[in-house]
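Both complexes shown next keep subunit A, but they swap its partner, so subunit B is in the first and subunit C is in the second.
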Partner chain A sequence: MYPFTYHKASSIEQAQALLDVSNDSKLLAGGQTLIPTLKQHLASPGTLVDIGKIESLRFIRVEKANVVIGAATPHAQVANDKNLVQKIPALASLVGKIGDPHVRNVGTIGGSVANNDPAADYPAACLALGATIRTDKRSISADDFFTGLFETALVEQEIIVEVAFPVPALAAYEKFPNPASRYALVGVFVAQVEAGVRVAVTGAGANGVFRMTEMESALVNDWSADALEGILPSVDSLLSDLHGAADYRAHLINVMAKRAIAQTC
Partner chain B sequence: MKVSMRINGEQVSADIDETQLLAHFLRDNLNLTGTHIGCDTSQCGACVVHLNGRAVKSCTMLAAQADGADVTTIEGVQQNDELHPVQKAFRQHHALQCGFCTPGMIMAAIDIIENTDDLDEHDVREQLEGNICRCTGYQNIIAAILSAAKEMRG
Partner chain C sequence: MSGTGIGARIERTEDKRFITGNGRYTDDINLPGQVYACFVRSPHAHAKITDIDVKEALALEGVVKIFTGKDMEADGLGGLICGWMVTSKDGEPMKAGEHPPLASECVRYVGDCVAVVIGESREVARLGAEAVSVSYEELDAVVEPAQAQNQNAPKVHDGIDKNLCFHWQLGDKDATDAAFDKAAHVTRLDIVNNRLIPNAIEPRAALGDYNPGSGDYTLYTTSQNPHVERLVLSAFVGIAPEHKLRVVSPDVGGGFGSKIFVYAEETACLWAAGKIRRPVKWTAERSESFLADAHGRDHVTHAELALDSDGRFLALRAHTVANLGAYLSTFSSSVPTYLYGTLLSGQYDIGAIHVEVEGVYTHTAPVDAYRGAGRPEATFVVERLVECAARETNKDPVELRKKNFITKFPHQTPVILNYDIGDYNACINRAVEMIDYKGFDERRKGSQTKGKLRGIGFSTYIEACGLAPSSAAGSLGAGVGLWESAEVRVNPTGNVEVLTGAHSHGQGHETSFAQLVSERLTIPIEDITIVHGDTASVQFGMGTYGSRSAAVGMSAIDGALDKVIAKAKRIAAHILEVQPDDIELADAAFRIKGTNKFIPWGELALNAYTAHKFSTDEIEPGLKETTFYDPTNFTFPAGCHICELEVDTQTGCVEIVDYVAVDDFGTIINPMIVEGQVHGGILQGIGQALLENGIYDVESGQLVTGSYMDYTMPRAHDAPPLRLDFTKTPAPSNPLGIKGCGEAGAIAAPAAVLNALTSAIGHEGISMPATPAKVWRSIQT
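So, the complex of A and B:
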């Protein structure tokens, strides 16, 4: 690792102050993405500000028609939260399939959403449920938040505080994990929310997570796996790599979407 | 920087480099070489230790992040001069060959047994996702964990 100085923040205010000290500082939450990146010399922040221990960022609470999750809440806590399991079981089960138990004991929602890995699971849930990402500065809708591969609407030194997920009438997630990494080769989240029917795809988009509006329109009229027959994304918009060619991913998207719908019927 | 944590029941304080990983701190500074390092991609689980009672990958955590925590390594699971029931079960069921993955497997297994209700074979297989063994084919590891779970639950 390149050298850095390490600070542990005990509050959001303290984290902001620590970030402000230098212009090459970076937040550290669970470290399950950042530490491997540092080990491979792919990043060289001068300062790490650890927000993983800030108690006020670790919670899951029900707020009107939303379930709100604090940014530093580890995946294991989210997956097993009784309120969440009852209100949005599809989200609890998605989180319970991230990586492996050791990663889930440490990795956090804030880090996952901020990182916007094109194969990460949380972004699909955020986009399909129409979540709101609340930072120390503003609220950003998921539609505006995920802007490209590993890119988000966050500005330098902006801190995600919590993510609010509207409770859907129906929702399901199906993931085809990459057998080696456990990240999604393709993951499809389907949901009926107040805003309508939404289908979000992770693991496959050349620009990261995206919505399949053609599937959404078909499902508005007929919420069934059959309604999705033959609806495939254009291969030009998909990732193609050694794990799967674009046409294979396109096929998987259709299969995963059908399975997700079948779960709810 | 200065860190202080409880390791296997003993308070340890040290002056460390901020970039030092917990796995290296345990192995290089404290000579607790039971914690293994089997990969550089956070995938193999040979480095699993318990941090405040839950299994974590010590290769994917700074020692600084463990400041103030309660850490248990494979060296700390034996009770008085007796092997831990999971260690005994691994021996009885021939759940290791080269033994490289074993410390991480055992630390993962203890967490699985202590934190899963009504543990069955499917749960064990699923929860061993983060631990790779290149020798055994897993069969005897699963058998050992199920047998230890029975023993520990009486």
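So, the complex of A and C:
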């Protein structure tokens, strides 16, 4: 790693103040993405502001029709939270499939969502459930938040504080892990929420996580795996790499979507 | 002493230290004044070095020194060598391209070392390495052997036409062709044996030290064979004479072959320590391991099997192109030749065999021995051919194998080896029973109803292990002898130190070897220490690879134990005033046979050293004996592995639902350790079959699978249920009857898995690794 100054913040206000001190500072949460990047000399922030230990950012609470998760809540805590398991089991199970126990013990929802890795799992849940990402400055709907590969609507030094997930009537997530990395080669999250039927796909989009509106319309009339027969995204919009060409990913999206629906039936 | 002796399933004594974090690995060793090395590596697959500017790097605070290839050359250092001479079919010796530890003129693969930066800390050394500015003139690269063989392909080494290192052959071509002419059926297959990247848990590391007062060098490093390392670094590279160089290979976290070889990095650390007179340490980062550890396999083969109308195998022929990488590594020429071609008879009586192998240079990391080394490649060729032949001729794969098994021993194959013993029917019969072969059709139907394809595949493999005897190895081109040495030191207080030239880097020698000693000396295992891995204490050793440590290394210990027991009996006879023949050793005491007069073990040991009670004119004081043991033949472990799997046609995912292995390893010392070796080997074989692939980009020559994000290492969830059993025909070529078990799993499994997979999908058109994406594509119609 290149040398940097490390600060451990104990509140959001302190984190904001520390971020303001220099213009090459960066937030550190679980470090599961950032630390490897630093080790590989692929980033060289002068200052790291650690928000991973801020107690007020580590919680899961039910708030009316939402489950709200604090940005610094580690995956393991989310996956095993009794309220969440009851209210949105699909989300708890998604989080339980992220990485391995080490990663889940330290990696956080805020870091995952802010990073917007095209193969990450959380973005699929955010988009399909119509989550709201609440920052220290504003609230951003998931539809507006994920803007491209590793790109989000966050501006410099904006801090995610929490993510609010509407409790769905029905939801399920099916993940086809990349054989090597175990991130999603394809992950499909299906949900019936107040706003309607939503289907989000991660791991496969050339532009990151995306919604499969064609599947959504089919499912509105007929919530069944059969309704998805033959509905595939165009290969032009999909990633292609040594683990799976675009046509294979397109096919898997259909299979995973059907399996997700089957879980709920 | 049956509690801890031969055959006892006891826990590994070394594990306490490993699992409590008290292992002592190379990187755990720190010396006063130590500095750190970081290598400047080539970012290009092929380029001329036009300039190396170190000014900026040297100016960094904490950068101590920077060396380039020119500095090493100026010091008169030799290059890295390949210790096995292979002769082409036209009689020409193989063409070994020069391999300077630090490239000075030209870089030949991504990761090739160009300079070494030495700094006060790892971080500083790394910053220094980034600040070294190397000017390259990029050249076209070639990573595929088939393309490298084109007349106008870029040349890896000047003057080596078509990048051909050797074109080797083995067997009788005319007899083979004649047998093919008579064949009723010929099975033909094109086979790719994928490139594997070793991935030991502990990355390679080195710590070089120099004492200017005495002129002594010490190298601590992750070596499977420290004496060979010393021999190469002194006799060929020329850093220090052998008696002024000590090589210590402390605890080592896995090798799988990749730590047999003498690499650029430890060479540079040791040499640099002498230049700057400070200890120099380097520990590979995982990404360096991917780039610069010697890789394994990487063959492309066309193979054919000729059968008569009755299904008897008449002849086999194979043409293989082996990717050697950019340089010949320490033993790389032996792997696709003598460790491969000689195994092509499998377990079968085949009249004629002919194999040609072209060893080709490419702009990729060197390829050398990796668990199994040549034998997995041979087994894959033979067992895929046999399975396909059964399918093509509508014969049962088990019956076809049995019809062709060798049943009389010794058996001279057409490809050098003389199998001394085996019972192949015993293995396959037991394995077929364990997997319930009869019930397979029912199970297949059951899978169908779940929408899955089910397949079963066999692999009746053979391997030549215990690499030895020396004269045989020498006649095939080995630059070293392949005996093993041992020393047994009985201390005056009766406990025992056994020094072995074998090296344990995960195999559990400290337990297995002690079990032999416990059995033979009838003393508790707690009183025995196994010492290995230090040229200053072990007299000499050839190291551990080729499943040789038990067969050859333990046989050497056994020989030293014979001598110790004989001498101890002479001393006991003196004291008890009888003849040595009247003395027996049992229950840790030397007893006059048929009486209750005895000397306890400990008392005898003390007597040996006090030398009060026998004439030192007749018997030398002390109780310590050595041996150099050379066996009379290779050993031939063999067995039958059967894999049953299901394919999810929707996703292409393969799930191994049952896996049975019945192996004949001769005598087994510790069944638990042997089972562990088989489990690990099978998992590596499954890794090759379904998961792992070392891929270079054809255009740029960059390693595409350079991290775990893209290189699929088998994980716990990839381990299927494994059911093992053993049959036993003791090896006649060594006193213990041991054959060796370290590589069997990796040798047998790929063919078993691919045979099962092709049985499930109903065609042969799929290559390793059979990833879900590939399997899915192969079943699209």
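Assume the second predicted complex is superposed on the first by the 265 of 265 C-alpha atoms of A that agree within 3 Å, B and C clash if a C-alpha of one lies under 4 Å from a C-alpha of the other, contacts with A are read in each partner's own complex, and residues count from 1 in each chain.
Please note the rule applied: a contact is a pair of C-beta atoms (placed from the backbone, for glycine too) under 8 Å apart; a residue touches a chain by one contact, two chains touch by 3 or more.
Quantities reported herein were computed from a predicted structural model and do not represent experimental measurements.
K.L.:
Applying the touch criterion given at the start, work out whether A:Val103 contacts subunit B, subunit C, both or neither, answering first, second, both or neither.
P.N.:
first
K.L.:
Touching A:Thr213 in the superposition: subunit B (first), subunit C (second), both, neither?
P.N.:
Touch partners of A:Thr213: none, neither subunit B nor subunit C.
K.L.:
Of the two partners subunit B and subunit C, indicate the one touching more residues belonging to subunit A.
P.N.:
Comparing touch counts on subunit A for subunit B and subunit C gives B.
K.L.:
A:His41 contacts which: subunit B (first), subunit C (second), both, neither?
P.N.:
The answer is second: A:His41 touches subunit C but not subunit B.
K.L.:
Should A:Asn83 be classified as contacting the first partner (subunit B), the second (subunit C), both, or neither?
P.N.:
neither
K.L.:
Please indicate which partner A:Met1 is in contact with in the superposed arrangement: first for subunit B, second for subunit C, both, or neither.
P.N.:
both
K.L.:
With the two complexes superposed on chain A, say which partner A:His243 touches: subunit B (first), subunit C (second), both, or neither.
P.N.:
Second partner only.
K.L.:
A:Ser181 in the overlay: touching subunit B, subunit C, both, or neither? Say first, second, both or neither.
P.N.:
Both partners, subunit B and subunit C.
K.L.:
Applying the document's definition of touch, where does A:Ser10 land relative to subunit B and subunit C: first, second, both, or neither?
P.N.:
neither
K.L.:
Of all the subunit A residues, which ones make contact with subunit B and with subunit C?
P.N.:
Comparing the two interfaces on subunit A, one with subunit B and one with subunit C, the shared residues are 1-3, 40, 180-182.
K.L.:
In the complex of these two chains, what residues of subunit A are touching subunit C?
P.N.:
So the residues of subunit A in touch with subunit C come to 1-3, 40-41, 176, 179-182, 242-245, 248, 251-252, 255.
K.L.:
Enumerate the contact residues on subunit A facing subunit B in the complex.
P.N.:
1-6, 8, 28, 31-32, 35-36, 38-40, 48, 50, 52, 76, 99-103, 105-106, 180-182
K.L.:
Which part of subunit B faces subunit A closely enough to touch in the complex?
P.N.:
So the residues of subunit B touching subunit A come out as 1, 18-19, 21, 40-43, 45, 48, 51, 54-57, 60-62, 64-65, 67, 108, 111-112, 127, 129-131.
K.L.:
Can you tell me which positions in subunit C touch subunit A when the two form their complex?
P.N.:
Residues in contact with subunit A: 123, 126-127, 130, 287, 650-652, 691, 695, 704-705, 708-713, 715, 771-773, 776-777.
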